[in-house]
């Protein structure tokens, strides 16, 4: 008797990218024999997602597994977020990230209260984030916030009693973006999930950008440092003498993964298995597109099977002539975003049971 | 067979404030033995809510009773606003008020068409409010409008045939905010509902602010004047010689409640049972934060059991060091907002029957 | 057992205009004996709606028939857009058009991801429309876009694999507005549907405005040229020597319908059966309200039974003193907008079966 509804939804599942490598969630699920680390996910119930340091490798893999399940199954019928309201509070506007979260919520039958551009709203009257947090307690069940101020998380948490998902806080972090990046890598090469990955499957990561001032890059590296059995080396390629920044100094020093810093992209490019590129740095309270000294295009000296990640939006640093190549993992990376955000929301809102899990 | 859904919703009901006094809707319902003045609510069906002068004490109490019912019961299952579309047309942006209305609608299974910041939209092309009203007839079932222009209500009503809820019109009124204020007071002291409140339960209200230029304050006072058996005195505390303004002059003159005006807060503060504070005045077409000459903080000379109301957003006039005290009724006041707006929408859209009422 | 729901929805169907002529969808349906050209509609499944030249008369009539069915029936119960997400991407803000589309989606139980003002969002970071199109593939099922740049359609289509509905592209086209205009005309005089309309029912169309720089006017004329058996003459009234513009030159030259151009409105006004007025021209990247040299008001020398169309928003060119007259077809025209957009969405998203069609 569900045929109409199923037919209705049939078109919408399994969204995929238009160009570049396509990544199957099935390979990732098969690698762990369809098992999902429900214990690791259950620990996220009611938790805020603020900073990648709160995760460990096991949790990152568990979220990727749940995302793969959501990507491979048609779960709208389960309505896992039915009755839940997510507040997308974008005090710094971002079409892409906001819609990605809102699509995640709507596809699972949740509802959305949207603040598309908080800078023009109540803030102009001087309302504090702490008071806004108090309001949000009565308006919704989870708050997804982007804010230009790195300190915003402490401020809103003074009164907020709902889980908070950090969708970018100034030059701070962007934890769900990093989960999306790793979801792409784990679908691409499921062996990276393993605590001890076979030697020939280990990857040399190169990062073009400055983690110190780029929150997405910083969060990506923070997760990379957890994959000690899978990442054989990290090379930071930056025009700055010290691109690392305060937050990562200690984690990098303590990591068994060798980290090198260079300003010569040409020298290392041909050695990299994964190239992570970004160009948008957060400086004070505004964006700046860094000089694209390290522009990638189809003529770049890449290993034949090297893959490129980019959190997008891009500028000159990543040429469109790479889009049609197999180096392009960034479109597949983007195509996984909604499912990762769904996984995070299902775990945080304790709705695993609606999927027959937990 | 509804267990999954019920479990799903269980988390979301009964939102409450993080700090300060918490107010139970049950006490208010018990005071009237669970009876709700359905006749008073039925009279609101299809009506616009424009100005508090359209209410009387009985209607204010009836709305508070319905809000209390909605706050104490898990009514999502009844889907009282199913099939209804509310248009939130904020031609003056306000995160807080807009989300409060939208949350009210979504929680009752209605749908929302949102204009988060009308100043950047069609108006730029010179479209008149009258023509916008004509459009709204076909787009939704109720229009919730905030607008910087005090005359906006007449203008949009030229063609609009749907109920209109005034969510703030320039220096005019903000009737649902005043209903929210009184909902907090009636939960706090249910005896205030009575036409003749026992003498020891009557309250001396102090208002720090200028009703003449502050729409929320003006609307609050307008309702206060209806509670002749409950309010023993009103003291307006303002730096202005005449803070009353045109709209309230006659109602105040005709009221049996003694009204006094002072610019010396210290003198009267210790006598007040309820202190209503606000700082945002509407001057011409812009906001101004008035000088906080009358700043309240934990060292203010308040009666031990005095309570403070504030429509929020606040500035310096109300110190955060009061948040943790029992003087803080303003967080409980804010926590009731969604339920009052739900009550108004259910009554105006004639959906009492969905709750088994009317 | 559906009585509650039906009662619930009963209020909301059959929206109509507050003033001017009211148009019944029943007359249009009766004219074709309740038959709907399902074949013509089926051909739209999965298609983008970019430019009126992609239509023919038969398709325009079929869309009008489906709109009339949707306007005359209470179809919310069929939930034809259940499980579908529409992205309303307004990179040029427009309250009216955005809400019209969003209302169409919500009334049919679809969901909406809204970009109310794209100019303040991600674009600021330099994201290309092509990359945004790639993102949209995973966020929703259909994209409704308005953009100030005439070339935007090619750009976003580079990667977008979902149907795209053009809601206005710079000085390009606005195809759904033209369908709305014709829906009003076909309801007003159903005989215009016919390939060969009786002579006494044929219309002389006058257009006050410059199709070359006014996208809505241009799209309206483009459709008018398809109704060769119904339109006996088109008169363009413009202050410009060549108001036609590049896009329409060839279609006008090839059309059997006589077209004349004049700058003397007074001379021809009294001969027109239908007067189409607009005042907003798109010049480069901004709007301009053209001089209202050809202002219409209640004293204009109109034929007694002439009707006026206007896509609204209006300025001085169309006086409010016409609103109460039977010349006012523009309010009825506006009242049909939601139903035409519903028809387009149902056809494009291949959901005719939910209505028992196709």
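Going in written order, the chains are labelled A, B and C, and every chain counts its residues from 1.
Everything below uses one rule, namely that a residue touches a chain if its C-beta (ideal position, glycine included) is under 8 Å from a C-beta of that chain, and two chains touch if they have at least 3 such contacts.
The structure displayed is predicted, hence computed values, not measured ones.
Between chain A and chain B the CA-based rotation angle works out to 120°, given as a multiple of 5.
In summary, the pair chain B and chain C forms a contact in which the copies contribute largely different residue numbers, shared numbers making up under half of all those used.
Distance between chain B and chain C, defined via averaged C-alpha coordinates, is recorded as 40 Å. Of all residues in chain B, those that touch two or more other chains are 114, 116-117, 120. Per the touch definition, chain B reaches chain A in the complex via residues 4-5, 7-9, 11-12, 15-19, 76, 93-96, 98-100, 102-103, 106-107, 114, 116-117, 120, 280, 287, 289, 312-315, 320, 323, 331, 334-335, 337-338. In the complex of the two chains, the chain B residues touching chain C come out as 82-85, 87, 89, 111, 113-118, 120-128, 130-132, 134-135, 137-141, 159-161, 349-351, 353-354.
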